[in-house]
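Every chain is named by a letter (A, B, C and D) in the order it is written, and numbering of its residues begins at 1.
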């Protein structure tokens, strides 16, 4: 039963491909990738729509409002309304804009986001493009986002856009390092760049109940935190949304975009968020594995999306809670804390591995991580020490 | 590997390269440059060098192209007066291509068809890098560090 | 015990070197600590040398080495090492004792100098290098220290760098010794090429041991001569002696330590160290190289002694006497009396240092006056200096029986007398002995006797910090003789490894009376000649030297140092200038022309490129302007950083190459 | 029919000469740089192609060399662009034809 539920989508795809078995191989391959892409788009666009409205509702709750509740039951059709509005809006292109660049930017950014989604294993045997260098692929296509952002900033020749693009690229560059370096320990420990293998390496349970997710090792935990924060920055969300800080530069690189192109940017941002969270899940949260053996019967993809929704909720929660940080704070955090810390994770992972991945390794790596953490925090501690208040002129 | 993909990719890549070489607007040229490398990466995938292809995309589109556009941005005020297209370059380039193509075509030893090869996994590359090629690897690391520092020093604002 | 001593032998030179490094890092105002450090370093070196001295006493002919690999290239290992043997230890002791005295002396002498700290840094540096030199067991290591002492001497001669004369002298010394060192270096390379090792003693494989020497074969003579060339440069032997007198521009303690006692003796030491190389294949103790050494030594000894007679600068007199004494040592080495030469070297170290320090004290007392004709009658105003100086003078001129110099002179005359080939060196150095006594008498009369002249008016005795070292050195130069007497030639035995016994009868030998007669003659002649020196005598004015009055031509010849410097200036220096000018001319006319030619070729290329370039473009205006700007501009075009032109030419070249290869097959 | 080594070489030769064209015919320093990068890319393509069609030995030498050359050319690009910026600051131009004085 559970087997059937687990593999239902895989079997569906097989049955779709079965009739064209006699066609040349590359055609079949193209067809299967097309199916994957359609599936991806369908799933994630729906998810995007849902999340967009959920975000607004959750933010509203956090800010003690009602949020959208007019269109459909609980305002669930709000995204549909938004989509229609976006589609029928006029698409304004500035007169002095660099037209082709201005036009291509949103397409490129969306394409990158979707491609990045392609290598993530969503369930047992459910990896759209299961390639050997999957992680590298993820970052390769992810890195094109920066170019797209720049194109957006340059193309709509407008100082706000340019400034926003510069800020975005600056922080993306700075956080790409910690992001990648925190991935390295996992790659090192698993010995492969292939997401499926990484997920497989986190299978099984300790003493029959403790999941062997990397997040439960000290280095994995620290790396996951850094990874999560860096992902937050990469997707330009609060508290790292200086690139589109409404109060300073209108909407950053999206200032000059309207209508459907703006919607594309918006979508790309969410897809990027999903992609980063998905990678985080794959790397640290055990992918589609169930947290407890007795919950195995629930299909794997369900677990994946459950984890995804938790992470997304945390994203929204953070957005609703934290104020915007200054650009210099962001940079300092990246270079002075996140990067050294991620290197510490690398070392700790090595220690963990060579100490036999047992308890001794666990504690040793904990020692490494904790030591570096305390050292860095002592080093970077800039809090002013407040003196007790004295009343000099009273009586 | 099939020839359709080969033809498509080569057309894409060479067209992009030609555009990068000849376009009047610097920014467009730079973007076509990035596109060229995307095509090259596809070539590498076609040739079964997956890792190198991805690394190429990662490095060139993610880093070098962005660097280039940044440089364009920083040196924007200087609009180089491109006079009419200089033919010397074209002549030399065509001559170079002619001789190269001619000499490639007249060597039979290179007209071989690819035989099946074991897939090149990242593991194998890593193994080679960590065993036989660890010294070049270290040297490359040193070189990159030097380049990083050198670039920083070069572009640092000199204090008046 | 002794093993561990040998393994830690390197500590001896290390102590002063470390001291000098620390001193260098001191602020210029930390005079006390600088002096203290230097003296402490020297003391440590002395103590360790004393410790190292003990094991060598036990067995006769004791020799022990500690070798280590420096680095490996290919399948060859370059090995260095330290050696502990009587020769080295004797030198160690002499250097550290004399050095200690001189360090203490210079605390007083340099008290007023503003670069006090730097001075002591250099001094300790020198001492460390010198100590290292004598315990080196590898020609290469020896050469390294050799160059280091050369550097130290350069730095110290030019210590008063603000004086142009000092700077000149420093340069002269450095370059002249370099000329010698070139010979040394060539000899070393050749030796390595032949024997494959530079270690002196390496358990039978060293280059000074029969096996190694056998490998050299006939080339031994030439190698020895090359090395001797270096030695001659260092210890101012005849062709290369010119730098030493000028080196007196340095502070007097420096002259005492480096240019009298230790460094200049390094040449003699080197010859003694590689003596097997010289005496290889000797038939009854005569080889071509040794004969060469003898004659060079004789020439130097006589010439320098003659020149010394006519010098009026107190330090120059001593300098030339140093040169001639070194010549004597060389002679005795050459005739086979290694022990005699080294004994004289050690004794000479003591009393020559004493004399120089005395001279320093005199100069100090006379407020920087160095001309002996303007002194006089100082024996009353500076008695301590006078007494010690007199001791030194008598030791140097070799008064027998009481002074170390006497015994060593006698010894040297003895060995020279029984040199098989000829007795000429014997007679010649006999004359040298007379001359030594003569000029020393002249000097002491001029300085300490007679009437007080200009500079001596308000002369004063030096502070104890300067006189005490004098006393100590005087003590040494008297009682060092105890181990030299023929009655009980302990040092001789110690050096040669023969066992000695006490036999007073051996005091009474013909050679003893010979040397007595020679010295007596010298002193008597001097006393007679200069009885009225510096005073009005008949129709001779006071400031004219008696000899000058008697033999003006001869005197001028000697006073101008036989015009050897001028000779060099006319020949060697002039040649160097000429060749420099020629190469300059070549560079300007010939090579530059060539470069211009190449430029023209490049220019043609660029004209072609630009020509094609312009034709596509507006009416070749640039072409005409280029024509107008003329050759220089056109030339510059080829080299004008036109990246694209370079690249284009490059590409064309590549195409051409490809076509060429295609055409080949 | 499947592409032979020859066809790949032809393509890389074309890429190379396009790079040469860019380096030769443009005056903007960045174009020169782009041209050089293109030429390097052509070289890399050659490496990979020869590796793919050549005899397979243990270590994928061509791929490794391509990787190294990519890293090196990335470094070269970084320094080159930094130079362009520095030069621009100093001379206010990026026209390689105006940058023809060989002293600073």
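FYI, a residue touches a chain if its C-beta (ideal position, glycine included) is under 8 Å from a C-beta of that chain, and two chains touch if they have at least 3 such contacts.
In this text, all values refer to a predicted model and were calculated from it rather than measured experimentally.
Asker: Tell me which has more C-beta contacts between its two chains, B-C or A-B.
Answerer: A-B
Asker: Subunit B to subunit C: how many Å between their CA centres?
Answerer: Going by mean C-alpha positions, subunit B sits 65 Å from subunit C.
Asker: For subunit A versus subunit C, what separation do you get between their C-alpha means, in angstrom?
Answerer: Whole-Å distance between the two chain centres: 78.
Asker: Between subunit A and subunit B, what is the gap in Å from one C-alpha centre to the other?
Answerer: Spacing between the chain centres: roughly 29 Å.
Asker: Using mean CA coordinates as chain centres, what's the subunit A-subunit D distance in Å?
Answerer: The computed centroid separation for subunit A versus subunit D comes out at 34 Å.
Asker: Find every residue in subunit D that makes contact with two or more other chains and list them.
Answerer: 20, 23-25, 27
Asker: Two or more other chains in contact with one residue: find those residues in subunit C.
Answerer: Those would be 644, 648, 651.
Asker: Pull out every residue in subunit A that's touching 2 or more other chains.
Answerer: Not one residue of subunit A touches more than one other chain, so the list is empty.
Asker: Chain pairs in touch?
Answerer: Contacting pairs: A-B, B-C, B-D, C-D.
Asker: So in the complex, which bits of subunit C are touching subunit D?
Answerer: 639-644, 647-648, 651
Asker: Quick check on the complex: what are the subunit D residues that touch subunit B?
Answerer: Checking each residue of subunit D against subunit B gives 1-11, 13-28, 30-31, 33-35, 37-38, 41, 44-45, 48-49, 51-53, 56, 58-60, 63-64, 66-68, 70-72, 74-79, 81-86, 88-89, 92-95.
Asker: Sort out for me which residues of subunit B touch subunit D in the complex.
Answerer: Against subunit D, the touching part of subunit B is residues 1-3, 6, 10, 13-14, 17-18, 20-22, 26, 29-30, 33, 36-37, 40, 43-44, 47-49, 51-52, 55-56, 59-60, 63-64, 67-68, 70-72, 74-75, 77-78, 80-83, 85-90, 92-94, 96-97, 100-101, 104-105, 110-114, 117-118, 120, 124-125, 128-129, 132-133, 136, 140, 143-144, 146-148, 150-152, 154-155, 158.
Asker: What residues of subunit B sit close enough to touch subunit A in their complex?
Answerer: 2, 5, 25, 27-28, 31, 34, 50-51, 54-55, 57-58, 61-63, 65-66, 69-70, 73, 119, 121-123
Asker: Mind pulling up the subunit C residues that touch subunit B in the complex?
Answerer: Spelled out, the residues of subunit C in touch with subunit B are 609, 612-613, 616-617, 644, 648, 651-652, 654-655, 658-659, 661-662.
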